[in-house]
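Structures for review follow.
Consider the two complexes below, in which subunit A is the common component and subunit B and subunit C are the respective partners.
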Partner chain A sequence: MSDMVKLFVNGVEVEVEAGKNLIDAVGAVGIEIPHLCYHPALGADGNCRMCLVGIEDGRPPLVPACKTPAQEGMKVLLDAEHIKKIQRDVMELELINHPIDCPVCDQAGECSLQDYYMDYDQRESRMTVAQVNKNKKMDFGCGVVHDQERCVLCGRCVRFCREITKTGELGIINRTDESRVNIFPGRPLENRYAVNVVDLCPVGAMTSSDFRFQQRVWFLKKSPGICHGCSKGCNITIDHNRQKYEDDIIYRLRPRLNQQVNGYFMCDEGRLSYKQQNENRVTQVLIDKSEASINDAIQSCLAKIENSSSPLILVSPNCSLEQLVAIKALADQIDAPISGYSDGYIKAGDGDDYLIQDDKSANRAGLNLLEIDTTKAKFEERLATADLLINFDNDLSLSYSDTELKEMLSDTVIIALSSQKNYLTDLANILIPLAAYSEYAGSLINCDNILQTFDKALSKNAPLDDAAIVAAKLGGPMKNATDIFCELQKLIPALSNTELQNIPAEGLNLNNSEASNVTA
Partner chain B sequence: MGAEVKTMIRKGSSLRERLYLIEIFVGMATTFRHFLRNLLDNSKLYVRHYPEVEPEIPVRWRGRHRLTSHDDGTVKCVACFMCQTNCPANCIMIEAEERLDGKAEKMPKRFTIDLLECIYCGYCVEACPVDAIRMDSGIYSVTDNNRESFVLGIQELLETPGAFSEEDYKKGGA
Partner chain C sequence: MSDRSQLISTGKPFAFDQQRDKEFERLAKRYPIRESMILPSLWLVQEQEGWVSQESIAYIADRIGTFASKVYEAATFYTMYHLHPMGKFHICVCRTLSCWLRGKQEIVDYLKDEVGIVPGQVRDDGKYSLEEVECLGHCGTAPVVQINGKFHENMDVEKLKVLLTTLQ
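Showing the complex of A and B:
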C-alpha cells in the first residue's frame, strides 16, 4: 500500500493515495470529478477542461484535476458555484454542435455527455443558429465507424493509437471549430487493437461496425468473464441478453480492467471471438448420426468404453482446470492414456509483445500442471493402438487436415464431446454437445502463470453440460465441485489454504507464491 | 387498528318483504313497464345496435397501433427502441438495421407487436421521439380465432391507415 495523504473535498476530510492525480485519488473513495479527455491508461491531456476544480487558498485557484497530484492538506472545491458554472459552460460548448441523436446512437446509456448533462448541466440550449454539419459516417477501418458530429475532440482515440499501439493512424486535423478526428488519406486504422478506441471514446463518435445497431446497451446484462481466445486470458465483460422468445446470446465482449493481466484493453480478434459462442454450435446429441437423448448417448458411451480394449482420451487445451481434473480422474478410472496434443492451436509468430499470444488456447499451462502429455509423437503412437477415442472438445482439425484425420481415425470408434462443430464431430460415432466457456464456471492458468477464475455468464434456454459433468457421467470419480477443488488444492500449493471464492478477482500469480515450482 | 366501522342496515326483514310474493310482483311491474314503453316507442332505447351501429371513437382513443410513414411511404421509425424500453407489457420486439436512404441512420428490420400481450396503455406512443408509432387507427375491436394473427409485423403496422385527419389528431393533444 502506498502512502496516504489527507485532503479536503468540499470541506470533508478524505484519506487518499499519495502520488495519484486528483481524479483517480478522489475517485477511489467514491467522489466523482467529471472528465472527458482523461483516461487512466492514456494519462492526462487536459484539453476538455471538464475536470477543473477549485483549490481553496491555492495558487492557482483553479486547476485541472487530471494534472494535479493529490497533496496533503489540499482543499478541493467541487460544489462551489464558480466550479459548477465552469462545468455548465464546458457542457454548453460541447453541446453547441452536438447532434443529440441519442435515439439512434449506440453509445446512449453509457455516454459521458448524457451522464454529465443530467448531473451537471440540465439546461436548454441557447443556440439559435444552425448547427455545423459534419461527416456522420466514416469508415476508419478495422471495424471502427466514426461520426464527426458526435465527437468532443477529447483525443483519447488519437492518444491510444500513438501511445499504446504506437501506430498513430489517427490525428486531429485543422483548428477551432474546423477540428476533426480523421485518418490520413488512404491510410485507415491498421492495428490489432483498433476497436479499443470504441470503448475509449466517452461519447458515440466511435462505434464498432460489428455491434452497430445490434442492441441498446441498457438491455445488455454485463457478466465478467475471461477471454479464451489466446493464452493471455484477458479479463472481459460479456454483454449478453435474452430477447423475448429467443435464447440468451452474447452481443459483444469488452475488456475489463485487470492490471495484472491485460490492463484496460483487449485485441480485436478476442473481441470477435464471441461469435464462436453463438454460431456453429453442437446442440443435438447424435448416435451414429441419428438424434438421440443424452441418457441414451451416455449409456451407449459406457458400453463402448466397457467393450474397448484400449481407449484414448484427448482433451482440449481450452478446458478449465476443473474439467481437466475431472477428465484426468476419468482416464485413471478407465485406465486410458490421456493426451492434450493440440499443436494446431499454436500459431507461431502470430503473437506480439503486448497482449496477443502465439498460443490460441486458454489453459495450456493447466495441461502442463496436470502433467498431461501434449507431444505429437506420443499422441500418434497411442492413437495407432487405440480402438476408442474420447475427445473432450479438442479441435483436431486445427492440427491435421481432413484427409489425414480420416485416415488416422478410420478404424477407431469416436466419441466426440464438443461445443463447436468441426470435422471430427462429423466423423463421430457418438456426439454429445458441451457448454461453451460462457456457460460454465471454472479457472484457468494463463501464459504468465496467473490463475484466474470465471463465473457462468449465460443461462441458455436448453443448458448443456460442461466437460466436467459429462466426465462424471461417463464414470469419472470426480462427482462434484468440492472434490475437484480438493484435488486442485493438492496440485497447486498456493490454493491449499484458500477457498474458491477467496481467489482474488485480479487472479493469483503463481510465480509470486511459494509454489513457483508447480509447473513442470 | 383504528378502522372505521360502518353498520349496514339489513333489509328484507319486514313482514311485507318476508312474504316474498308481493315484492316479486312489484319488481315484475317495473320490468313490464320498461318492456311496454320500449315496445311502443323504441326511440328512447338505451342500447346501441352494435355491430350494425358502430360507436363514435374519439381522437384520443387508444386503438390498435400503426406505424406512420414519410410522404414517400418509407417508415418513419428509427428503431431507437424507446417504445420497447418503455413498454410495461414487454410486447414490442424490434430488430434494427442500417438505413441507407439518408433519412436517418437506423431503421427497423423487424417491428413486431404482440397484441395479446399489449395492454393498450399508450406508453409507446408517448415514448416515440419521431411520432412513428400511433394508436389512432380507430380499431377498437381486435378479434380473431388464432394466436398468430395477433402478432403484427412491420408491414401490417405500416399498412394500417389512421382514422383521423392530421389536424384532428394534433388537436387531440398528442
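Showing the complex of A and C:
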C-alpha cells in the first residue's frame, strides 16, 4: 500500500492514495469526478475538459483533475457554482452535434455522456443551427463499427491503438467541428485487441458488430468470470440474459480489471469465445446413439467400468482444479491411468508478448500440479491397451485427425462427457453432456502461476452437471466441494490456511507465496 | 471548415523524385524525432505534385516509419495542404485586415465574375484555382496576391488584368 494523504473535497476531509491523479485518488473513496478522455490504462490526455476542478491554493481557477496529483492538504472544489457551470458548458459543447439517438444506441445505459447529462447538465439545447453531418456505420475492420456523429473526440480509441497495440490505425481527421475519428483508407483496424476500443469508447461511437442491436444493456446480468480461451485466464464480465421463453445465454464478454493478470483488456478471440458456450453444445444423453436418461447412462457407464479390464481416463486441460481432483480420485478408485494429453490445444507461435498465449487451454498448470501425465507417448501407449476410454471433455479432434481417431479408437468403448459436440462425441458409445465453464464454479491456475477462482454465471433452463459431479456419480470418492477443497489444500500449501472464499479477487500468485515449491 | 477526410487516389504509386528525395534525406537529419518529418514531407509532396494524394500520404508514412493515420491527421488539419489537384496557376488572395481594407474584395469579385474562378475551386479548364488565405505578411503593400508562390503587391483589378494575360 502506498502512502496516504489527507485532502479536502468540498470541505470534507478524505484520505486518499498519494501520487495518484485526483480522478483515481478521489474516485477510490467514492467521489466521482466526471471525465471522458481520461482512462487509467491510457493516462491523462486532458482534451475533454470535463474533469476541471477548482483547487484553493492560488493556482489558476480551474485545473484538470486527470493531470493533478493528489497532495496533502489540497482543497478540491467540486460543487462550487463556477465548477458546475464549467461542467454544464462542457456538456453543452459535447452535445452540440451529438445525435439524440439514445433509443437506438447500443451504448445507452452504459454511456458516460448520458449519465453526465443526467448528473451535470439536464438542460434543453439552445442550438438553433443545423448539426454537422458525419458518417455513420463505418466498418473499421475487426468487428468494429464506427458512428462519427456520436463521437465526442476523447481520443481513447486513437491512444489505445497507438500506445497499447502500437498499430496506430485510427486518427482524428480534420479540425474544429468537422473533426472525426477515421482509419486511413485501405488500412483498417488490424490487431487482435481491436474490439477493446468499443469498451473504451465512453459513448456509442464505437460499436461491436457482434453485439450491435442484440440486447439493451440494462437487461443483461453481469457476472464475473474467467476466460477459458487461453492459459492467460483474463478476467471477464459475462453479460447474459434469459429472454422470455428462452434459455439463459451469453450475449457478450467484456474484460474485467485485474492488474495482476490482464489489466483492463482482453483479446478479440477470447471475447468471441462465448459463442462456444451458446452454440454446438451437447445437450442430450445418448447411449449407442439413442436418447436416454442421465441415470440410465450412469448405470450403463458403471457397468462398462465394471466390465472393463483396462480403462483409461482422459481429462481436458480446461477442467477446473476441483474437477481434476475429483476425476483423479475417480481414476484412483477404479484403478485407471489418467492422461491429460492435449497437445492439440497448443498453437505454437500464436501467442504474443501481451495477453495471448500459445496454449489455448485454461488450466494446464493445474494438470501439472496434480501430476497428471500429458505426454503423447504415454497416452498412446495406454490407449493401445485400453478397452474403455472415459473422456472428460478433452477435444481429441484438436490433437488428431478424424481418420487417426477412428483408427485409434476402433476397438475401444468410448464414454464421452462433453460440453461441446466434436468428432469424439459422434463416435461415443455413451455420451453425457457437461456444463460449460460459465455454468459452474471452480478455480484455475494460469500461465503465470496465478490461482484464480470463478463463480457460476448462468442458470440454464436444463442445468447440466459439471465434470466433478459426474465423476462422483461414476463412483469417484470426492462427493462434495469440501472434500475437494481439503484435497486442494494438501496440494497447494498456499491454500492450507485459507478458505476458498478468502482467495483474493485478483487471484493468488503462487510464485509469491511461500508455496512456490508446489510447481517446482 | 469543411470535411477534408475524402482523400483522392491517383491509382498510381507515389515516390519522391530525385530532387525531393535528396531534400528529404537532408531534412531528416535535422530532427531528433523522425515523426517531425511529417509536415516537411507533405510540403515536398505538394511542391512536386501540386497537391497531396492518398498514395503520397501512405508513401510518406512508410518512408518516415510512422502510422498513416498520423500523416492523414496532419494533412487534413492544415488547410494549406491541398488534398485535390489545383489549377495550373494557383491564385491566393490575402483576406486579412490590411488587404481587406485596401480592396481585396474587388479583386475576388473580378476573378469570380469576369474570369470565372470561384474561391475554393478550380476553374473547369484547370488553368486557374483561387483561394482566399490569411495574412501573407505583406501588409505594408496590401492588397497582395500570390500566384504559384510568387507575390504581387499593391494589386488592383487593372494590374491583375495585365498580370493574368502574362500567365500562359
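Convention: the second predicted complex is superposed on the first by the 519 of 520 C-alpha atoms of A that agree within 3 Å, B and C clash if a C-alpha of one lies under 4 Å from a C-alpha of the other, contacts with A are read in each partner's own complex, and residues count from 1 in each chain.
Rule of thumb we're sticking to: a contact is a pair of C-beta atoms (placed from the backbone, for glycine too) under 8 Å apart; a residue touches a chain by one contact, two chains touch by 3 or more.
For clarity, every value in this text was computed on a predicted model and none was experimentally measured.
J.: Subunit B versus subunit C on the shared subunit A, clash or fit?
T.: Superposition check on subunit A shows subunit B and subunit C fit without a clash.
J.: Does subunit B (first) or subunit C (second) touch A:E439, or do both, or does neither?
T.: In the superposition, A:E439 touches no partner, neither subunit B nor subunit C.
J.: Can A:D101 be said to touch subunit B (first), subunit C (second), both, or neither?
T.: After superposition on chain A, A:D101 lies in contact with subunit B alone.
J.: To the nearest 10 degrees, give me the subunit B-subunit A-subunit C angle using C-alpha centres.
T.: If I round to tens, I get 90 degrees.
J.: Could you tell me if A:K136 is touching subunit B, subunit C, both of them or neither one (first, second, both, neither)?
T.: A:K136: touches subunit B, not subunit C.
J.: Should A:R162 be classified as contacting the first partner (subunit B), the second (subunit C), both, or neither?
T.: A:R162 contacts subunit C only, not subunit B.
J.: Can A:N174 be said to touch subunit B (first), subunit C (second), both, or neither?
T.: In the superposition, A:N174 contacts subunit C only.
J.: With both complexes superposed on chain A, which partner does A:D393 reach: first (subunit B), second (subunit C), both or neither?
T.: In the superposed model, A:D393 contacts neither subunit B nor subunit C.
J.: Tell me which of subunit B and subunit C touches more residues of subunit A.
T.: C
J.: Using the touch definition from the top, say if A:I183 reaches subunit B (first), subunit C (second), both or neither.
T.: Only subunit C is touched by A:I183; subunit B is not.
J.: Subunit B and subunit C, closest CA-CA distance after overlay, in Å?
T.: For subunit B and subunit C in the superposition, the minimum C-alpha gap reads 22 Å.
J.: Identify the residues of subunit A that lie in both the subunit B contact region and the subunit C contact region.
T.: In subunit A, no position sits in both the subunit B and subunit C interfaces.
J.: Touching residues of subunit B toward subunit A in the complex: what are they?
T.: Against subunit A, the touching part of subunit B is residues 78-82, 85, 90, 93, 96-98, 104-106, 129-130.
J.: Give the list of subunit A residues in touch with subunit B in this complex.
T.: 101, 103-104, 136-137, 212-214, 216, 218-219, 243-245
J.: Once bound in the complex, which stretches of subunit C touch subunit A?
T.: Residues 1-5, 7, 9, 54, 57-58, 61, 66-73, 76-77 of subunit C touch subunit A in their complex.
J.: Help me check something: in the complex, which residues belonging to subunit A touch subunit C?
T.: 134, 158, 161-162, 167-178, 180, 182-187
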